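In what comes next, chain A is part of two complexes: it sits with chain B in the first one and with chain C in the second one.
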Partner chain A sequence: MPRLTIDDIEIEVPHGTKVIDAAERLGIMIPRFCYHRGLGSVGACRMCAVKFLQGPFKGLQMSCMIDAQDGMVISTTDAEALDFRRHVIEWLMLNHPHDCPVCDEGGHCLLQDMTVSGGHGMRRFSGEKRTYRDQYLGELVQHEMNRCIHCYRCVRFYREFAGYRDLGALQIAQKVYFGRLADGPLESPFAGNLVDLCPTGVYTDKPARFRARRWDLERGPSLCIHCSLGCNTVAGARYREVLRQEARLNEEVNGYFICDLGRYGFAYAGHPERPRSPRIGSQAVGWQEAVAVACDRLARLGPRSIACLSSARASVETLGTLKYLSKRVGSDHFVCFYDAAVKFKMGEIVSKLDGRTAVSLRDIEKADLLIGVGADPINAAPMLALAMRQAQRAGAKVVMMDPRPLFLPCDFEHLSVSPELFDVCLSALVKSTFDRERVGKHGEAAVTLYDRMLSCDPLDASVQARLEPLIAVVEGCRRPIIICGSDIAPASSVSFAADVALLMGEVKDQSGVFYVLPGANAYGAALFDAANGSSFESVVQEIEDGAIKALIVAESDPFRYVADRDRLQRALNKLELLLVLDYLPSETVRKAHIFLPTRAIFETRSSFINQEGRLQVAEKIHSPGTPIWQVSNKGHPPRLYGTGICGGEPRAAWRVLQQIAHTLVHSQNEISENDPWPVIGGECAVLARHHQHNGPLHGLRIIPQTSTAAFFDGDLDLQPKQPMDGHLTLLPVVSTFATEELASYSEIIQRVIGSPCAYLHSDDAERCGLLDCDRIRIAVDDGFLEIDLTVSDKMARGFLILPRHSRFEWQKLHCFAQGLPVEKIGNCTP
Partner chain B sequence: MLKDIDEMLLTSEKKRENLIPILQRIQQRHAYLSPDAMKLVALHLGISSSEVYGVATFYNQFRFHPPGKHQIKVCLGTACHVVGGDIILENFERKLGIKDGETTPDREFSIERVACVGCCALAPVAVVDDVVQACMAPSKVEGILLGFDIERERDEREKQESEASQ
Partner chain C sequence: MTQFDGKGSQVTVGVPAGRLKPKRVRRNLDLTLWEKLYVFEIIRGMYVTTKHFALNMLGFVLPPRGKKRSVFTVYYPDEKVVLPPAYRGRPVLVMRPDGTERCVACGLCETACPGHAISIVGAERENGERYPLSYVLDMTRCVYCGFCEEVCPKEAIVMSSEYQGLAETDRSRMRYSKEQLLRSEESVKGRIEYIRRIYSKCNY
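Take a look at the complex of A and B:
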């Protein structure tokens, strides 16, 4: 480890550390524009010049280009270096506009900071400034090219790091232009990172533009809860409303970046129709009355006639307290997943993820082989795709098994097989890597599984031919990771993926399984929901039978997920009490008998467990209340003075649930009014062990080191199947911006999502007499659904793939299973 | 023209490395690169059109406007720069109402700046229709353009006369 001296302070840093980073460890921030630790160094801006006094280099050098070495003595404050840097600023300011007060970046602009701190005030050059024409880059990012200082951060991120090609460096020398060929929205779902990366105001956050200065914002660490990865963000709120989100560095999870869904999806919390006061029926009432009536009605019902429903978007606090409440009132029903199959898969995942198999996004970047099993990273968990690209850039091979027409911003091998072939394909891919002796270490069951893998029948010749070269890759790799989805992948594949990861760990340096789960807190929901036999289906059944008379719904919307809405409606009508706690203006909220408003993630401290079992905390950012621009109808804030905050009634769901439990059962001894964790710990042993919710900043993994679950017991499906000719299977899948529940209440996201479309293989399309861009009609039980068709030959035959889209009633498509009458009714809507 | 480019593309391999040779061939044949031509090339090579445009605009040899009937190249090499080559360029630009790299709407003139034409002793130099104009001055700029005007008027007159005599 090299030891060097920077500004008379000695420091020892790991090999390969740049001098600029070594100085940062000492708390010395060397000015920089082009250098970014996430992107590496290029030495373009010349701003990080420091004086090397002793060692292998001498004189003025760029600190971002030189690795720290033994014996270096460096001065960052040498007169020569200071003078050099002052001149760099002066050169940059030749062309940069002097209008910080009208620039949205002003206040958090690196160039502004450097100019002011470098002391540049007088402009000596009297020539003209270079000017450009700005481009329209979509609804999310604003372009203002005159402010550019040509650090190349944007293009390095957009093209090299993220792998998208529509933004680039154009022209040469004085005219270098960063933009697209023509106006148009940026194609990358990671484009929002340009806002964070740009050291000046070339790319600014368009929805938040001119809404607030950095110092006006109440900022704090938060989390993205739009997918299961749990990326870290910094939320900034003003006037009781979150205005912008930035990426927050978490070395283990998202690194320096986040996707656009996480950055711009927050607007659900400030939705104009968000219900903000307690209601009984349609009558707004006070908290006390609402809770008293709810408790009274619940108390009148028998112990087994109450069911509790929550979802994978609810925080650990909400889930834990609801579980506690459900136990206190003697309810058998605590449901977090609408789909029994998903619930089963989640149980498998939670039991099998342990210290040996779980990997983080950072581990994915270090892998040398990634095998995807029914996972669509860009659509289900965008930041995963970015991590996969980094692995691929470092030489990893990416193999994806998926029937969908996948897109990834990197090269990959796509085996477009149907989900029922995942097991047999994965088995064929990895079986030659193992030997009986190594497998035997994991016991009888592992050997039995291994024998079944060896004896499985050969696959289709065309698939087999594509597998052959990959088998050699699997044999040669050292750090393989299996990426497994949880929506279209069958339960057997989900557990098989963990088995294979465990066996691989025996023969490889490092191995693991990375699951993509169906919600921000799906892992947490499964922790509470796992040892519980009831499903949503059985709850509806018992409501219909009259056994369940009351339903408590906490931060969940069954109307969004259930196909047969009429049946659900009839069932809810039979209830004596439908108590709903939520912060979204959902269908279920509208139907509630008693409604209690809860706080969104930005308004209360809440915890979420991501897909690798990492418990992370989002801090409270602002107090709940109607955003001022809504109160004042976009004008001046009201000139009325009162004691309360308008719309400030929402309370944290766990507080309300605890209060109800307390009132119903009268047992005060274990309830703490200010801390939900004793209650949560009581409901979930794993969380009790890790009850310190003041964990490290990068989160705390709550998975066991060695799981006690039974591995190798999955019901593997190793029979290769021939596709049935002329039969189409419907496959509803996820789509980046269009599927997610919270995003469907976010106005900005709604503006950028494309129109819904279905995908069909070109052979199937030909057979059905359909063409690309046809408008098709799909018959369902109660009518028809119309949608545009995209024909692709990069997907599996025999499937009609339908990304769930908030402008399309995909729920209805569960109503039928086969046949799938599809007919053309016209051409695409323009 | 696009059909011609399509045919030309058929004969070249779909490799990224071929981008510059393809662009050179298109420019050789059609004298400039139109936006549609660049889109075709992008489609053919499977890269984004902004990438094609980025590469093309990096090199001075590529033109993005159809050249005028009379091509004016103003030298801005070291020697010409020292004796005021930029003043000559500015004069041409002002007279014709276009910037360097552009073509007048009537497709008569186009202006380009070039690095050095190799006769620094004659600086400042402009090359007008392959004729080297030595020791340029603002008055000579006017003279050259006036010359073209007179020539055009004469051509038109002769044309009219020949039409009248028929």
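Take a look at the complex of A and C:
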């Protein structure tokens, strides 16, 4: 490892470290515009010049372009370097407008900081400034090209790092322009990162435009809870409202970037209709009365007549305390997943995922083979697609098995097979890499699984032909990772993928399985939910039978997920008590007998467990209360001389649940009511170790080192169901911005989502007499569903892919497996 | 020379730290014997006081030549005082000749205001110009420090010499909107010239 001296301080850094990074390790921040750790160096801005005094290089050099080497002596404060940098700032400012007062970047602008610290206060150049026409780049990013200093960060990120083509460098020399060929929204779901990356104000955050300066914001570490990856963010709130989110560096999870859903999906917390005071019926009451009435009514019911319902978006604190409450009142029912199949898959995942196979997004970037099994990264977990692109850029091969017409921002091999064939395809791909002897180390069950893999029937010729060359790739790879969805992938695949990853670990340097889960805290929900056998179906059944008389719903909305809404409505009407705790203006909240408002992620410290079992903490950003813009109609903050905060009633769900639990069942030694973790630890053995959890920087993996789950023993050789003539199998799938529950309450996201669109294979379309851009009608039990159709060649035959889109009532599709007739009713709505 | 900024990292661009030496203040002034005696200074002071007393008492009766009168007391509100431009009265917004405000809603006065008296909501005109959709000044909180005027990059808010109507019996009436604060450039011309003069001496 090279040792070098920077400003008289010695440091030893790993090979390949740039001098600029080595200095940063010492706490010396060499100014830079174009260099970014996530993007690498280009040496475009000339700002990071330092003086090399001794060693292989001499004189003034760019510290971002030179690897640290032994014997280097560097001065960052040499007079020559200082002078050079001062001139660089001056010529960058030649064309930069003096519009800091009207620029939204003002206050956290790198160029502004450097200009001030470089002492460039007077403009000497008296010529005309270069001007450009700005473009409309959609609802999320504001473009102001005159401010550009040509560092190329935007293009390097957008084209090279993220792999999208619609933004680039146009024109030449002095007139280089960064933008699109024509006005229009940026296509990439990672476009928001341009706001973070731009060292000056060319790209600024449009929804937060003119709302606040950086110093006005209450900022703090938060998390994105819109998908299962748990990307780290910095949330900035002002006047009781989150205005802006930025990516927070977490080397293990999201790196330097986040997707647009995570960046702009926060508005649900400040929804104008968000319920903010406790209610009994439709009557707003005080907290004490509401909790007292709720406890009173619960106490009158028998122990077995209470059911508890939560979801994968609730925090670990909420889930743990609800579980505690359900145990204390003697309830048998604690449900977090509405779909029994999803619940089963989550149980499998929690039991299978261990320290040997779990991988982070960083490991995916380092992999040399990625096999996707029923996963659609761009739609289900966008940051995964970005990590996959980095792997592919480094030379990895990407193979995706999926019936959907997948899109990824990288080259990949798409095997469009139906979900039933995932197991066969996967075993055909990997079986030749194993040998019986090595597999045998994992015991008898592993050998049985290996034998079953060998005996799989070959698939039909076309798939077989495409598999052949890939088998050689699998044999040659050293670090394969299986990416497995939990949405359309059958339970067998979920289980089988983990076993294959485990067995491959024996013959490869490193292997792993990366699951994409159905919610931000799906792993945590499964930890609490897995042990009991009750499902939502059985809860509804028992409500109808009259066995369950009270339902406690904590941060969940069954109306959103359940197909048979009428049945659910009837069942809820039979309840004696529907107690709802939530922060969204959902259907369930409106129907609640007693409603207690809870705090959103920004208003309380809460923990979430992401898909690789990493426990991460989001800190409280601001106190709850109705945003001042809503109270004062976009005006001056009111000077009230009362004691309470308007709309400041919401409390953390775990506090309320704990209070209810302790009121209902008295005991001598009560656990502290200020810390939820003793209670959570009591409910979940895995989390018991983390009583004193103080939120380590990169989160804490809570998965066991080795799991004791048995090997997959189901049948691998399933044949796909033959579709009936003219009938298609409906496959509901996730859609990037349009599916997620919280985002559907977020006004900014609602502005950018496109119209829903169904996909059909061209052969099927021809058979059904349908064309691309037709508007089709699907007959369901109670009426019809209408949607636009896109015909694609890159998908499996026999499927009609339907998005779980917030503008498409997919909940009406009661039974997905059964074929439904489809007919054309006209052309696409423009 | 390196300096540390607030985040603990070294800032290596810019002026070497040596230049920022604090100014020495001399406290032991050398007084002359005349000044040390004090008695004569006291007599001189008493002369000024007595002169004003006498003029105020007799000023109406004996108007001095050339001047209208030499009385310092003003019969307010029948008479108004003309204040020098250095006086810091009510902060007002400067209006351009076309009737729009100079303010670009940058938020600096909002930040600098020690009493949090200012709130601005920015917006954009059709020609891409940023302007304050609403500009609220809460005079119950204003301490007339003039920081808003000092930070303003557009000379859009100035401390006018208005001193009337600053006190009210109702707090809600002391909250001024943008429309109530706008004044023509002409009416605050003196103050603008004055702040140009005083702030140009500061070396930022």
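Following the convention adopted for this analysis, the second predicted complex is superposed on the first by the 805 of 830 C-alpha atoms of A that agree within 3 Å, B and C clash if a C-alpha of one lies under 4 Å from a C-alpha of the other, contacts with A are read in each partner's own complex, and residues count from 1 in each chain.
Just so we're on the same page, a contact is a pair of C-beta atoms (placed from the backbone, for glycine too) under 8 Å apart; a residue touches a chain by one contact, two chains touch by 3 or more.
All values derive from a computational prediction rather than experimental measurement.
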Touched partner set for A:D216, first chain B, second chain C, both or neither: second
Which of chain B and chain C A:P101 touches, first, second, both or neither: second
Touching partner for A:L181 - first (chain B), second (chain C), both, neither: first
Which of chain B and chain C A:L82 touches, first, second, both or neither: second
Comparison of chain B and chain C by chain A residues contacted: C
Touching both chain C and chain B, counted on chain A across the two superposed complexes: none
Sites on chain A touched by chain C in the complex: 7, 27-31, 76-77, 82, 85-86, 89, 100-102, 106, 114, 117-119, 121, 210-213, 215-216, 634-637, 639
Complex interface listing, chain B residues touching chain A: 35, 38, 47-54, 57-60
Residues of chain C touching chain A in the complex: 1-2, 8-15, 104-108, 111, 119, 121-124, 129-130, 133-134, 136, 138, 140, 153-154, 171, 175, 204
Residues of chain A defined as touching chain B within the complex: 165-172, 175, 179-181
